[in-house]
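See the structures that follow.
What follows is a pair of complexes built around subunit A, which joins subunit B in one and subunit C in the other.
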Partner chain A sequence: MAASIAIHLEFGGGAELLFNGVKKHHVTLPSQSEPWDMKQLLVWIQRNLLKERPELFVQGDSVRPGILVLINDADWELMVSTGKLCLLSECVCVCVCVCV
Partner chain B sequence: MAALLLFVSVSKKCVKCKEAPAALVIRAGDAYCRLCFKDFFIHKFKAVLGKNRIIFPGEKVLLAVSGGPSSCSMLRQVQEGLSQKANKKLRFVPGVAFIDEGAAIGQSVEERQRTVAELQAVFQATGFPFYILPLEQVLDLPASVVATNPSPSEQPASAYKAAVHHFVETDGSNFPRPQEPKKTLLPRVQESHTLMLQQLLGSVKTLTAREELLNTLRQHLLVHTARTEGYSKLMLGDSCTRLAVKLLTSISLGRGAQLAQDTGFSDSRYGDIILVRPMRDYSAKEVAYYNHLFTVPYVVIPSVDTKTVDKASIQRLTESFVTKLQTDFPSTVSTIYRLQLHTCFMHISALNISCVLQVSSDSLAVKPSTFFEASTADSSLWVLIAELSVLHLYYRLPETTRLKSLLCYSCALTVRDMVSDDVFDPFMHEL
Partner chain C sequence: MPVQCSSCSEKRAVLKRPKTGHSLCKECFFWAFEEEIHQTIVSAKLFKTGESVGIAASGGKDSTVLAHVMKVLNERYSYGLELMLLSVDEGITGYRDDSLETVKRNQQQYELPLKIVSYEELYGWTMDAIVKQVGLKNNCTFCGVFRRQALDRGAIMLKVDKICTGHNADDVAETVLMNVLRGDIARLRRCTTISTDSENEGVVPRCKPLKYAYEKEIVLYAYFKKLDYFSTECIYSPNAYRGYARTYLKDLESVRPSSIMDVIHSGENLSVREGVKMPVQGTCSRCGYISSQKLCKACVLLEGLNRGLPKLGIGKHHRFHDKILSQQPLTEEEERKLKAVDF
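Our next item is the complex of A and B:
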């Protein structure tokens, strides 16, 4: 049983418009049996933080094309291919809207 | 327990230094570490200016900053490039222009002032002179804004090297010093002007035409400001991604003939003002990552197509298409970018593109002044267009066939969206 973890979320580049303009969020993810991964985090964000237009942020299991996701300043795209990504406490997840 | 490391380590190494773990993937699979990415980013900016040799030492260059990530990144690159400690210092004299388009998106006066104040703080921190231009000012522009003015003097290629040599010898003392930023008061906008602008934009039925119209208004205001404030170059912050979208959109909008200049590195159609796009080699992702890492300040201002659905306009649809394709095929944007290079070699100037709303690339084109011969010659171009949208001016226009010679195909489509069909249809048959 994994403990609940606290993470920092940051939205930028226009993505914050979907979160009432609030850029920084410090959230605590509830404890669950398996470690948290990005897919679950996105579902959690959609349920608990996203204020409007979910289709502009999430698409399927991932973010909508045009949104850059950085975890501790590293591109999420670099990690996806290396297997299941586990989030640990105090990590910083930044979602920046990149599309023009 | 402060577990700062991820459970899964990033196994890919930087393709450049091959030592540090990679932090970002750009282009088609190139993974860079943070430091190599920073060097790559900064170097690219100086390289593109140095390679093209279009900005002469001591020249006054106006930076068009929209507040968005790309143009603010460009502002930071200019700031860093000009700083004393820079390796291979940039040598021009910058100014910053920001267009307040709050009226176009229906922002209240307070909201507009707040945005402007935020950006003003950013500009003041750079120390460059800056101009806050409410979009309403475009209604006061004379028709001559679309004229091609003669360029000051033809500069042969060898003149660049000589100019640099001279600058270095004299230590830059003969060239204009960077001006002290003026204490610019936020310009007051008359409510009547705001209403007229909103009426102009509101009369356009489709979002596609409205976006095109906004682009045209923006460009006119920037060129006019550059001319009146004595700048000879205008730097635009369009990234590679945005230009790829613009290229495809231009083809859909019937602007294929102008696309080489609309999306190329330089655009010399205005003659005395040359438009330069130094960010055109940077993808939007590279810009976003750099801005995040080095906390480049930018202000996100919603535009007319923010939060709209994919099919709201041709521009929006193209952007969605390119962005989605880029996710699965990372060389999409660079492939489109290479298309632009090919079009440069086509002799597009052979086509007579003459248009009252766009600067003409043909010296024999109809001059905008003739448009006003039969009507009030003192009115500004945009006031006339605004009045066009409420129809009464039409009855003062000369024969219907004149309209065909006054607008290019793309602008005719934009204007068609502004007036009711029963008045415009006879003209459309001519086109």
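Our next item is the complex of A and C:
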């Protein structure tokens, strides 16, 4: 059983408009049997934080093309290619919209 | 499992460059990004030493990064350019006034002189007023046409030798796609040129130093450098045709990142078959601006606005030019068609 984890979420570049204009969120993800990964985080964000127009944030299993995701100041594209991306406590996840 | 920077092999990589797929650390990314723009400027001979250059600034990410990089490169490589910021106020409440605040901050941050020109002073119409008359379908046409002229007028007021805009690789690729979709062969041939040259008095040459910079990299650069920029969708643009090309291109990019450069490459190397009718460049009989028809598009659109005929200028309108120039009235049937607006 993995404990619940607290993470910092930040939305920018216009993405914050989908979250009532709030850029920074400090959230606690509930505990679950396996470690949290990005796909699950996106579903959680969509269910609990996203205020409008989900199609502008998620597309299928991932973010809409046109949204950059950085985890602890590093592009998630780097980590995705090195294997399954697991989220750790207190990590900072930033989603920046490239084009509105 | 941290990945090493593929360039310096010393630091941890923080991003995978969308353009090349290389994993780079922050400093190597900044260097690569700036160097590529420098190479674009040098190989295309965009500027001459001693020139004064107006940087078209909207407060958005592209123009903020452009202003920053131009300042950095001007100093690093001693271009010897005198840089200035030039902004256009289209009169869009809640959007442009906010982004202009960002430009004013940029002015202080980069210590560059700033000139703002407005549609109100140039044409007597704000975009808010135009949208009330025209609706939300063709308003972007008005804004784009007016802004092009507004930049030239502003540049002449500033007495700069050149204008540079923040158009990036994604923008140019989108334009190529749009022109293919619209069958606009003339624009298709022109739209990938990196700089315009002109012998016309009313038009200042302009160039796109960021032509080969990916939009994603511009955002990453601005984010890591913590540059101050404004990012909100223009409230009048949701129906803009460009949006469709943009969505399509973004999907293509996610499958194959080089698509953006490849579309530009296709556009640059297109040749037009012999016998295809191409417009000839002349000047507007009313204002002297460059035009391929008797009246330039801005004059036609303005005429339409002032006469309460919002569709004048949208669609084929060259047969009205003689009537407008000689101030002949239009027939009832013609007026009826030009008034019809779908909101």
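Convention: the second predicted complex is superposed on the first by the 99 of 100 C-alpha atoms of A that agree within 3 Å, B and C clash if a C-alpha of one lies under 4 Å from a C-alpha of the other, contacts with A are read in each partner's own complex, and residues count from 1 in each chain.
Basically, a contact is a pair of C-beta atoms (placed from the backbone, for glycine too) under 8 Å apart; a residue touches a chain by one contact, two chains touch by 3 or more.
Worth saying up front: this structure is predicted, and the values here are computed from it rather than measured.
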| item | value |
| --- | --- |
| Fit or clash - subunit C, subunit B, common subunit A | clash |
| Which of subunit B and subunit C A:E90 touches, first, second, both or neither | first |
| Which superposed partner A:P35 touches (first subunit B, second subunit C, both, neither) | first |
| First, second, both or neither for A:P54, with subunit B first and subunit C second | neither |
| Touched partner set for A:L17, first subunit B, second subunit C, both or neither | both |
| Touching both subunit B and subunit C, residues of subunit A | 12-14, 17, 65-66, 68, 70, 73-75, 77-78, 82-83, 94, 96, 98-100 |
| Interfacial residue positions of subunit C with respect to subunit A in the complex | 1, 3, 12-16, 18, 23, 61, 170, 215-216, 219-220, 223, 231-233, 246, 250-251, 253-254 |
| Sites on subunit A touched by subunit B in the complex | 12-14, 16-17, 35, 53, 56, 65-66, 68, 70-75, 77-79, 82-91, 94, 96, 98-100 |
| Complex contacts: residues of subunit A adjacent to subunit C | 12-14, 17, 64-66, 68, 70, 73-75, 77-78, 81-83, 94, 96-100 |
| Partner subunit A, residues of subunit B touching it in the complex | 1-12, 21-25, 31, 34, 69, 239, 241-242, 245, 284-285, 288-289, 292-293, 300, 302, 306-307, 319-320, 323-324, 326-327 |
